[in-house]
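These are the structures in question, set out in turn.
Across the two complexes that follow, chain A remains constant while its partner is chain B and subsequently chain C.
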Partner chain A sequence: MINVLNAREMEDLFSRLRKDYETFGAVEENGEVVFDKISRFSEVSEKKSRYAPKEFLISRNENVLSTPDTTRKAVFGIKSCDLKGFYIMDKQILGKDPFYTAKRNNTLFVNFVCTEQCAGGFCSTFGGPLLEEYQIQVVRDGENYYVLSSDEFSKYLDGFKEADLSRVDEMMSKFKEMSPPLNVEGIENRIKWNSILWKNFASECISCGACNYSCPTCYCFDLYDRDDERLREWDSCILGGFTSTSAGNVRNSLDERLRQRFYHKFVYYKKSRGEYLCTGCNRCVDDCPVEIDIKEVITHDYQSE
Partner chain B sequence: MITRVNEYVPNYTEVTESRKETRDVFTIATREKNAGIPGQFFMLSLPGVGEAPISVASGTGRNMEFTIRSIGKVTSKLENEKKIGIRGPYGNGWPWEEYDEILAIAGGIGIPPIRSLIQVIADKGEADKLEVLYGAKLPSDIVYRNEIDDWKRKIRFLLTVDNGDSTWNGRTGFVTSLIRESTVSRNAAAFVIGPPLMMKNSVLELVANGFSEDRIFLSLERRMECGIGVCGHCNLGEFYVCEDGPIFNYSKVKTQPELFL
Partner chain C sequence: MATLTVCPYCGTGCQILIDELDSSARVIGYSRSPVNEGKLCVKGYSGLTYNFSKERLRYPLVKREGKFTRISWEEALNEATTKLRSIVRDYGPDAVAFQSSAKCTNEENYLMQKMARLVGTNNIDHCARSCHSPTALGLIETLGAGAATGSISSLEDTKTFLIIGSNTTEQHPIIGAKVVTEVKKGKKLIVADPRRTQLAELADIHLQFRPGTDVALLNSIMYVIIRDGLQDTSFIDSRTSGFSAFRDEVMNYPPEKMEIITGIPPQMIEKAAHLIGSERPVAILYAMGITQHIHGTENVMDVSNLALLTGNIGKRGSGIFPLRGQNNVQGSSDMGALSEFYPGYVRYDSDKVDFFEKLWNSKLPRTRGLSLSEMFEAAADGKVKAIYLMGENPLITEASVTDVEKGIDSLDLFIVQDIFMTTTAGRAHIVLPATSSLEKEGTFTNTERRIQKVSRVYERPGEAMEDWWILNEMGKRLGIFKGYDSPRDVFEEIRAAVPGYSGATYENIFPLGKQWPINDENPEGTEILHTRSFPIGRARFVPTPYGDPSEVVDEEYNFIMTTGRNYFQWHSGTMSRRTDILDRESPEAYVEINVEDAKKLNIRNSSFVTVRSRHGSIRVKARVTERIMPGVVFVPFHFEEVRVNLLVGNQVDKISRIPEFKVVAVRLIP
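Right, the complex of A and B next:
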C-alpha cells in the first residue's frame, strides 16, 4: 500500500507505532548522526548516520549464553542501503542465529529512501535506493511523505490518504539518471583470483578492520569466553587470526585476506545465496584510512591482466 | 526434556572416562548417547575457556566419545575435566549407506570419525563393505592401539607409519602407499580424512588407481566458532564447512583454490 502524508500526519503514524514499539531513530547528536531513543517523529534526521545501525540486530558485544532480546523496536530513519544489508544477511543467518532472529522478528525498520545520491555511494548498482523488500518505506518529496507499507504493516496507515507510485517512480528515475549503476553484473565470472588488485590493496591496507565494522552486510563474529560469559564480538576477515587454527592458517597473508573479503562479497555470496553482499553504501570507503575503494573491485579491467 | 534457551547454550554432561591414546592424544567418554552420525561434529566447551569443534569418535546410539589431540586452548584442558559442555551434532556425515563398498583413508588424528564409522557399520552387520587404511607418523602416534586387533577381525584394516623404530615390524611409508594394496573395487567410495597434504596426495593416488572423483569424499577442517553457519570463519569458497560439510564430494570442491590449505 502507498499513502501520502504530511509532517503532522507522520507524527500521527509515529504515535500509532509507538503504542506497539519502543521507538528509535536517527538523530543528530554533537554534530554526528547516530541512533537513539526518540519520542517524536520530528526528531528523526534524514541524514545518513555515521555508522550503519547494524547493532540493532547484531550486538557489537553480547553474551550468547544469555536470553535473546525480544523487545519490540521501531527504528526510524535507517537508510535503504543499511536496511538492505539486513535483507541480504537474512539469507545466511536468519533462523540460525537465535539472537539475530529474535531481534529481526521484533524490529520494525522504517527506512528513508534517499532522493539524491550521497557522496561516493553507488546503491543504484544493487537496485537502490527504493527497496523491493521493506516493512515501512518513506520517500519525502518536499512537504509530502510517500509511505509504502508491506501487508503486515499497512494497518498502521489506515485512514491516511492513498496515493500511487508515479511521483516516487519519477524521483527514482531521476536518481538513477544522476547516479547510474556500476556494471556489477557477472563480476563473479570476471574477477580474477590472481589479480594484481589484491597485492595492490595489501600494500596500502593497515589491517584495521574498519571496512568490516562499518559494513551493513558483514555479519562475521568471534566467540570467546570471559569468566562465565561466552561473548560474541564483531570480527574482521582482514585480521590475521580470522582463520588461524592449531593446524595453521588458511590465509596467512594480507592480500589473501583482502581477496577473501571481496570474493565473499562478489563471488561466494552470489553463488550460495543469489545476491551480492554489498549495498553500495560506500561506508567501507568512507572509513578506510588508506582509501581502498570497493568500487575498484567492480570496475577493474580483469581481462587485460 | 530440557528446553534450551538458545542454540549456543550447551548441555553439560559428565565425563565418565578419560584414557590416554598417545602422548598428546586422549579419549573422553560421556554419559550421553551419541545422537550424531559418523563424520559429524560437536562443539565441546569449558566455561571460561571456550569451545572447540570435535568429531564424534563413537557410533550412533553408543555413549558419546571424543578423541582429541591436546594442542589448543580448549583441547589441552579437556583431558582432565569431570564435566564438559556439548552442543550439536553439526554438519553432515559420511554417506556410507549410499555405497556398496567403502575405502576409508585416515591420516594422523583423522582417525576418530573413521572409528565412529567402523562402529556403526559393524553394529549394522555390514562390516564386509568397509576397508580402512590408517597412517600414523610414528608407532607411538598410533591411536586406538588396543582396538585395532578387534577391528582387523571385522574388516580389512591396513596400518602404516611414516617412520618405524626398533619396536616396529609393520608397514612403513605414507598411508597413500597403501591405496594400491586395497582390495575394494574401483567403484568403491573413498572417504579421506587427515592433514591437507595427506588428503591431496590421497586424491592423486586414488585417481591414479582408477577411483572416480565423484566418489571421493574429503572431511575438511577449518576454524569454526559457531558450528551453525553464522560466524563466517570456516568458509571454503561459497561453502561453510560447518553447514555444507565438513564432508565434501571432491568433484564439487576440486576447483576451490583453498581446498588443501
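Right, the complex of A and C next:
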C-alpha cells in the first residue's frame, strides 16, 4: 500500500507505532548522525547515519548463554542501503541464528529512501535506493511523505490519504539517471583470482577491520569465554586470527584474506544465495583509513591483466 | 546516548564516539575530528573490551603477611599517607619517589607532580622518560619547544616524508594511513629503518641501516645536501644560529666513509639527500627508533639539524613530528611529570620556579630529581624508601628489569594505583583501584599538541575511583592539597601554571580540541609552530658527533637485538592482553630473525631459541622473516612470560637518561 502524509500526519503514524514498539531513530548528536531512543518523529534526522545500525540485530558483543532479546523496536531513519543488508543477511542466518532471528522478528524498520546519491554511494548498482522488500518505506518529496507499507504493516496507515507510485517512480528514475549503476552483472565470472588488485590492497591495508564493522552485510563473529559468559563479538575476516584452525588461518597472507572478502561478496554469496553481498552504501570506503575502494573491485579491468 | 571521547591507546589521539544502544556499544571514529577524520585502527574498534574484564580491581587492597586483603578507602588512604609522612619525617622528602603515567589525564599528571614537589622532592617521573624524554630535551635545546611542529592534517601538504625509527602503520596507524594515502597520490617517501616495515615496502627509498647508527646516517645525508648546495641558505641565515660549527662537523661524514658504520651504500644516501633537498616541503616523522638510545638526545637534535638545514620548519607540510607512544605522553610531559621540569618545561634550577612557589604557596625543591631507572637504583641503595606509582608497569616495560625488581623489593612502602593487578602491582604493599579513561573526565594532549576532552562513557566498577580523586584525597591527607572539586577545577589551575594552556577551557576544546599554545595571542590554538620565530629567537644547529651505541657485537654476542611493540598488543599488555581479539591476533612472544641468519643457525620458523644478552636470557619462538635485516633480531616487549627487558642493560643517555632499548648485543642459541 502507498499513502501520502504530511509532517503532522507522520507524527500521528509515529504515535500509532509507539503504542506497539519502543521507538528509535537516526538523530544528530555532536554533529554526527547516530541511533538513539526517540519520542517524536520530528527528532529523526534524514541525513545518512554515521554507521549502518547492525547492532539492532547483531550486538557488538553478546553473551550467547542468555536468552535473545525480544523487545519490540521500531527504528526510524535507517537508510535503504543499510536495511537492505539485513534482507541479504536473512538468506544466510535468519532462522539459524536465534539471536538474530528473535530480534529480526521483533524489529520494525522504517527506512528512508534517498532522493539524491550520497558521496561515493552506488546503491543503484544493487537496485537501490527504493527497496523491493521492506516493512515501512518512506520517500520524502518536499512537504509530502510517500509511505509504502507491506501487508503486515499497512494497518498502521489506515485512514491516511492513499496515493500511487507515479511521483516516487519519477524521483527514482531521476536518481538513477544522475547516478547510473556500475556494471556489476557477471562480476562473479569476470573477477580474477590472481589479480594484482589483492596485492595492491594488501600493501596499503592496515588491518583495522573497518570494512567489516561498517558493512551492513557482514555478520561474522568471534566467540570467546569470559568467566561465566560466552561472548560473541563482531569479527573481521581481514585479521589473521579469524577462523583460525590448528594450522592457523588457511589464508595466511593479507592479500589472500582481502581477496576472500571480495570473493565472498561478489562470487560465493552470489553463487550460493543468489545475491551480491553488497548494497552500495560505500561505508567501507568512507571508513577505510587508506582509501581502498570496493568499487574498484567491480570496475577493474580484469581481462587486460 | 553517543559519548565523544578519545581512544586510550596511542598518541595519535583519535576521537571515538561510543554509542550505547542497549547492552552493546558501537565504537566509531568521529568523522568531524581533525585528527582521525572518522577513521580508527583495530585497537580503536576492537581494543576496548578490557574495560569490562572481570579482573578489574574493584577495592583497595593491602598486603598483610604476604597476602592482599580488602580494606576500605578510608583505611587505605590513611595507611598510605601515614606511612609516606613518616618516611618523609625520618629520611627527608627525597626518600620518596613518584611515578606518574602517560596513560592518565593532564589533570592527574599535574596533581601527581604537584604532590611530589609539595612533599619537597623532584623525584617525579613517568614513562615519557623511556620514550620521548630526548625529544623534550633535544627540541627544547634546538627549537625552544619539545613538541611536534605541525599538525596531522598539515601532512596533506607534505611532498616528501622522511620516516626514521617509526613503524608508523603499526604504532600510529592513523598517521601511518595518512602517509599511505599521500603516497598513493604520488608523494615521496623515504623510510630509514632496520626493519622492512609496511611503509618501507611502499617507500621510494628504504635505508635499512644498522641500529644505533642514526647520527652517522643523518650526518651523511646532510653532508651530501651541503656538498651539493641543496640547503636552504636564506632560512639558515635568517632563522638559525651555529651553522658553521655544525657544517664543520658534518663535513666529517662523507657517505663513502659512513657505509662501514651504517651499512648503506653512498648512492642511496645521495638519492635520499637529493630527494629531501629538492622535493619540499619535507616532514620528518620519528619515534622510538630515534630516541631509545644512549645517544637519543643527539639523535633528536640531528633530526632537528636536518629540518633546519633544509628550511623545513614553520610551514604546512614541513616539520618535525615526534610520534608519541602513549595517548598522553605530550600532556604528561607538559604537566611537568618529569624530574627536571616543572609544568610548562620550567627547569628545576630556573628562576621561574619562583612562579610555582607563589602559585602553590610553598617552598619548592630546586635540585634535579631521579629519573625512572634511577629511582629503582636508589631504592636498591636504600636511598629511596617509598614509591607511589600510578598506572605504569615497570617490571615489564623498564630496561634491566632485574634492577627494577631489586629496587622494588628494597622499598619500605610501595603504593600502586592501577586498573588491574599488574605484575608490578603484585609487588605493592598498598593497591589503589583506579578507573579507566573510559570512566573518567579530563583532558589528553595528543602528538600534535591537541588538547582533547575525555568524557566518561561507563560507570566505574566496584569501589574503583578516578585517579584524580585518589590523588586529591592523598594530597589532602598529606596536608598539602586544600582539595579540588573536579578535573575541571584542576584544569583551571593548569591554565594558570602552563602558559600554552592558558586559553583552553573545557568548553572551547570540545568537541574538536585545540593545539597549544592557546593564549590571548592565539585564541584558536596554534597549528604550526615557529612560523616567524622560535621561542629561543633563532633555532640552534647543534653539531652531533657520531658515537657507538652502548653495546656492540663481538664474537660471542654477534646479533643486535632491537625491542619494540607490534600492532595488536600494547606495552605490557595490561589492556590489550585482556582484549580478546587483540590477544588472539598476537598471543605470544616471538623473535624476528632474518631468513638467511635462520638458515645459518638452523633455526626453523616457530621453533624455540634462546636469546641471551650480557644481562640475561629468554627462550622464545622464532619468527623467520625477510622483514628484518641480517644480523639484527627484534623482540616485542609485551609479554610478561617472556620479559625481553631482562636482556636490556642499564646504560642510559647522559642527557635524557633514557635507556638504550633499541640496541642490545645478543647471541642466539637454537
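Here is the rule we use: the second predicted complex is superposed on the first by the 304 of 305 C-alpha atoms of A that agree within 3 Å, B and C clash if a C-alpha of one lies under 4 Å from a C-alpha of the other, contacts with A are read in each partner's own complex, and residues count from 1 in each chain.
The rule is simple: a contact is a pair of C-beta atoms (placed from the backbone, for glycine too) under 8 Å apart; a residue touches a chain by one contact, two chains touch by 3 or more.
This one's a predicted model, so the numbers in the text were calculated from it and none came from an experiment.
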Next item on the list: Based on the superposed arrangement, let me know which partner A:Ile93 touches: chain B (first), chain C (second), both, or neither?
Entry: first
Next item on the list: With the two complexes superposed on chain A, say which partner A:Ser244 touches: chain B (first), chain C (second), both, or neither.
Entry: both
Notebook entry, point to check: Of the partners chain B and chain C, which touch A:Trp198 in the superposed model: first, second, both, neither?
Noted result: neither
Next item on the list: Report for A:Ser272: first if it touches chain B alone, second if chain C alone, otherwise both or neither.
Entry: first
Notebook entry, point to check: Between chain B (first) and chain C (second), which does A:Glu291 come into contact with in this model arrangement: first, second, both, or neither?
Noted result: second
Check: Is A:Asp222 in contact with chain B, with chain C, with both, or with neither (first, second, both, neither)?
Finding: both
Check: A:Glu233 contacts which: chain B (first), chain C (second), both, neither?
Finding: second
Item checked: Shared contact residues on chain A - chain B and chain C -> 222, 224, 226-227, 235, 244
Item checked: chain B - residues contacting chain A, complex -> 5-9, 45-51, 71-72, 75, 195, 221-223, 225-226, 228-233, 235, 237-239, 257-258, 261
Item checked: List of chain A residues in touch with chain B within their complex -> 64-68, 92-93, 96-100, 193, 219-228, 230, 235, 237, 242-248, 250-251, 260, 263-264, 267-269, 271-272
Checklist line | Residue numbers on chain C that touch chain A, as the complex places them | finding: 1-2, 4, 17, 19, 21-32, 38-42, 44-46, 49, 52-54, 169, 173-174, 176-178, 180-181, 184, 198, 201-202, 511, 567, 580-581, 584-585
Next item on the list: Mind listing the chain A positions that touch chain C in their complex?
Entry: 24, 29-32, 34-36, 50-51, 53, 55-56, 59-62, 69, 203-204, 206-210, 213, 222, 224, 226-227, 231, 233-236, 239-241, 244, 286-291
